[in-house]
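Got a structure for you, questions after.
Chain naming follows the written order as A, B, C and D, and within any one chain the residues start at number 1.
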Amino acid sequence: MELRKSYFADVRKDDLHEIGQPRPRSDSPGHVTGKTAFFADRNFPGMLHLKMVRSPHHHARIRSIDTSEAEKHPGVVKIITAKDVPHNVYTILILIQIGPEDETVLADGKVRWKGEAVVAVLAETERAAQEAAAKVKVDYEVLPAVFDMEEALKPGAPLVNEFHGQNYYLYDSGECRKVRFGDVEAGFAAADHVLEQSYQSSPIEHAPTETTGCVVAPEGNDRFTCYTNTQAMFFTLDNASIILQMPGNKLHFVGGTVGGGFGGKVDVIVEPIAILGAKLTGRPVSFIYSREEEMQISSPRAAEKVVIRDGVMKDGRIVARKVTGYTDAGAYSRHSPYGAQKGAGHYPGPYTIPNVWIDTYCVYTNRTPSSAMRGFGVTIGDFALEVQMDKLARLIGMDPLEFRFINAYRDGDMKAHRQPTEGAALIECMQEASRAANWPVAEKFMAMSSYVKGA
Amino acid sequence: MAKVPVQFTLNGSEKAEFIDSGTTLLHALRDKIGDTSPKGGCHQGTCGACSVIIDGELRLSCLTLAETCNGAAITTTSGLSEGGVLHPLQHAFLDTFATQCGFCTPGMIMAAKVLLNHTPNPSRDDVVEALSGNVCRCTGYEPIIQAVLRAARANSQNAA
Amino acid sequence: MAIRRGRGVAAINYPTGMNLGGDPTQALVHSTPTGNFMVTLSSVDLGQGMKQIMAQICAETIGVPTDRVVVDTADTDTGPHCMGTFASRGTHRAGNAVIQAAKEARQVMLEVAAEELEVNASDLETDGQGNILVKGAPQKSISIFDVALSAHFKRGRSISGRGMFLIPRSYPEKETGAMKPSTCYAHACTVAEVEVDDETGEVTVLTVKNVFEIGRALNPKMVEQQLVGGSWMGISHALYETTEPYYPNRDHGGTDFNQYLMPGPGDLAETEIIVLERPSADGPYGAKGPGEMCANPQIPALANAVFDAVGVRIDTLPITPERILRALRAQAAN
Amino acid sequence: MALALQTFATVKEANAALKSQGTRYLGGGTLVVRAANEGDVSVSSLIRSTEPSLSAITVTDGKARIGASVTMAAIGGNPDLGFLAKAARAVGGPAVRNMATVGGNLFAPAPYGDFAVALLALDATVSTHDGETPIETFLTRRDSNRAIVTSVAFALPKADGFRFLKVSRVKPKGVSLLSIAAVLELAGDGAVSSARIALGCMADRPMRAKAAEKALIGQSLTKDGIAPALAVGNEGTSPVTDPIASAWYRNEVLPVHLGRLLLT
């Protein structure tokens, strides 16, 4: 890695003592000696192991649950179903007033995705919990499921989530988050070329080497210590407090040393049920996702569909951009309504375009609920935007890098969501890339700057 | 449940335990003996985080039953430094900033240790092959490869 | 068989923070009796190095070497509130909170030193080595060790500080979408070079040249860790990863590291990283969040490079050999 | 029932124990311990035998016999089996190769079982207590097999007669997209006089590419000479669709990779 100090030297102080210094990481000696304590490295006498009975169907009504055989299984200490969860319907973002509550901690009457948690089994050993889980009998009536976002949005599609009443999230702005800037239709009418293209991604798993999990130990004073690898301590504590209807002061969360997150450990999934298990049994409880659960049960990055319609002039200026984004939330909201509207605020990308129209939808389907991941709400949009930029450049016969210079935002430019651009540096990145990759562009572009006098 | 005895040396010291038959070595080390340096990243044999050295060979402790290790000499990452002095491999991991979350690190170090035991001057391809059963999600592997090559260089300089 | 070569470019920006939810983080800083400093947080280190960076920020602000700072995180009994580690907010939000707390602690420290040295606190400065000096008269000094002892046992002062950084929530305007979704933006431009086997659709990534503008590299080696690992993940996203290989068909999802595909140590592209620093107005020492955006530009750059190589557009991720081969077949049929 | 391990000194005793319900033979553990870890509760008793012959490799008179407990690492490091090293090293990473056994590989479902593909091309025989079975027959019936495999045996191919290719998305050690093993004999004029080609991942278990084998006979190993074989390379295949690749893709690229292997 090289630091190119010549750029922006006028606005930067390089004489600091500790900042800018390549100090060794204080946590690394613990890593290389195996001494770093991850949550699962805590082991308590008498600890119970929690295994989840999961839905084998994408969408089904639960006619009945019979746990009688499982309860008798040697080593089983407690079996938990929906009725044991004090506040069984929740949604994570309720803490920032984004509702409605739309997800069951343990399935109640219905399952909406294959892998949904139905019954929790706590036993003396993992093996006993697995064996007992196999003895839980759930009678399902399989319902039609919908997996394709376009299908889900059509009238008459199977309703994924009754708490929403339709297969999309209802924002205060309606069925989508909207950004309106300038007159996009006038822009298309004036454009030399109009190009509409559609982009699609598939769900992506964070796949941290350490799976999601927690270990909960009763403190003996009506408080519970939860050793967890959550990415958000109080988010998780406060949600657990709501779900368990337990004052927050009864909960003590210890974490902060996590074996990789990438956004995958923000969903408040394992902690509430493990704490409930510890409360109901008075014993320490370990609930750690198997690798299979991490890969297919934990939330992935959402699949997205992005449709971009651009109006472009022969001289390279993009004069209108309309983006329709669809985020496949899966069966429940988790963080997806946030991600979809974050996308609305990100388009049309780092370019200054006078006429912009953005609609972003959060769509429900019968698949594993998706959630945040590194680049949340942006990564797939950037893929779509930047492939579109390449196509536009080729459409008008222009060098793809030069085409970006023409449209790059600079300090003071008004963005579509009506914030003036500050601290722009796209142009300088492209100039440096031009040099590093030996991809020459016209001198006028190399002479450009993100600085604008007075901006 | 019937308990079976297991006895082996762990990082040079004798260990004897009664365990449930069928217990994996990973569980025996972590839950019975208290050496938590091998990590359970998959319990499938697909991530390498649980790697240990058994009688000189790299093994996956998650797929090895503890009772098959009677009489064996087992090395884990927690036993690598002697008298508080880091092993050259551990030093190299620090020097190249080869750890981020640290969860894969003990397994990586075990894989690298076996490589250097057999191949003191490995090529880059040798290192890549040696690490090929170990997954890292943070680093992009390059700093880890550099760490192993650096440790090998340090070893050969010490030997010279 | 033909191996065909191509290159592609992509340029991106990336927002720091989750303003649309309201975005607070707090920090506490206090000194021990012998002048070491404890930063108390509930922020989470996912492996990106939060603890180390907060220590460096605290050390810089107070004016001591980093190894005199200990970071205690994340325990909800002791650490004040943090929203969490996501949205590229950790360094930015917690860093600002630590600066505020450290400034308050530093002020008390300087006041105690001033009393000991019988000068005005405003006339004092730190040397970054653990000493407090009188500006312009550096021979007149006191160690922070002695200042802390004095504060604790003689002056009855608590060298401590509280830090709170809040970005108030932005509510998008319903009809126009006017909003402030984030604070500052990081930037990147990547040029990727590939070889495509036109008989199998297999892609080999030869080089990726990444230029990242990240505000400020607080610890360049740790920034490099993020950027190198992120670049790898970007390549991985572009060409390999999904939990649903036949999306929207729900079948055949991988359940292990053998079947969930990611580049192995033998698949690494020659990777070049160049960092520019345009300090952000509101970032801790100018920093922006580098951890997320660094995995984004490789994806479209590779898509564009594949097109450059074989003339087919793969607009669906991941860009698998199968998708390329199908497109090549369709191209040949036309 | 908790999981338990029973160890027997002889294969005979182990075979007797395997007659009980809920038992499974433990080789290197890469299949059965994984299954148990992942919650397969159908097996409650693992059986193994420590009989020394299971770990023996003998190479004499142009014939090799490999005990079923021999690991991939042991084969990869055996100088008498140098031609097989590539196939043995195609299995897993170093730790897996120190554990995975020849016997276990015969039972590994696609996309695993690369070494069994090599054994199929070698026309090996598989030994159990009640005799020897040609590997092709054995693989067909492997799901109902209850007898412990004790060894595999095969005639050593002529020098440079064995070729092996594993195609993988991930390097150096991804699982198979497909694998191909071939044992070829050439006449003095360079024409193929005998050919056995085995394919991995082109069905749920290793299979022979018999049409391609036949089409190779009498042909030289040139682009034109192998063309008829490549044209029928897919005959009889029913590839797996999995996260690595679809059946369509495997069928599409099989002739490409077969061609590359034959022309090396």
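The rule is simple: contacts are C-beta pairs under 8 Å (C-beta built on N, C-alpha and C of every residue); 3 or more make two chains touch, one makes a residue touch a chain.
Keep in mind the model is a prediction, meaning the values are calculated, not measured.
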A-B or A-C, whichever has more C-beta pairs in contact: A-C
For subunit A paired with subunit B, centre-to-centre distance based on mean C-alpha positions, whole Å: 33
Where subunit A and subunit C are represented by their mean Cα positions, the distance between them in whole Å: 17
Geometric centre distance via CA averages, subunit D-subunit C, whole Å: 47
Rounded Å distance, subunit B centre to subunit C centre (Cα mean): 30
Junction residues of subunit D, two or more chains touched: 2-3, 36, 38, 172-173
Junction residues of subunit A, two or more chains touched: 25, 27, 125, 127, 207, 258-260, 262, 290-292
Touching two or more other chains - residue numbers and ranges from subunit C: 46-47, 49, 221-222, 224, 228, 230, 233, 245, 253-254, 256-258, 260, 262, 264-266
Chain contact graph, described as a line, ring, star, complete graph or other shape: complete
Touching residues on subunit C, where the partner in the complex is subunit B: 46-49, 221-222, 224-225, 228-233, 256-258, 262, 264-266, 268, 271
Touching residues (chain side subunit D, partner subunit C) in the complex: 111, 169-175, 241-246, 248-249, 252-253, 256-257, 260
Touching residues on subunit D, where the partner in the complex is subunit B: 2-5, 7, 26, 28-30, 33-34, 36-38, 46, 48, 73, 92-96, 98-99, 172-173
Residue numbers on subunit D that touch subunit A, as the complex places them: 1-3, 36, 38-39, 41
Sites on subunit A touched by subunit C in the complex: 1-5, 7-8, 11-12, 16-23, 25-27, 58, 93, 96, 98, 114, 147-149, 172-174, 177-181, 197-205, 207, 230-235, 237, 251-263, 265-266, 291-292, 295-296, 300, 303, 338, 341-342, 344-346, 349-350, 358, 365, 367-368, 372, 374-376, 378-380, 382-387, 389-391, 400-401, 404, 408-409, 416-419, 422-426, 428-430, 432-433, 436-437, 439, 450
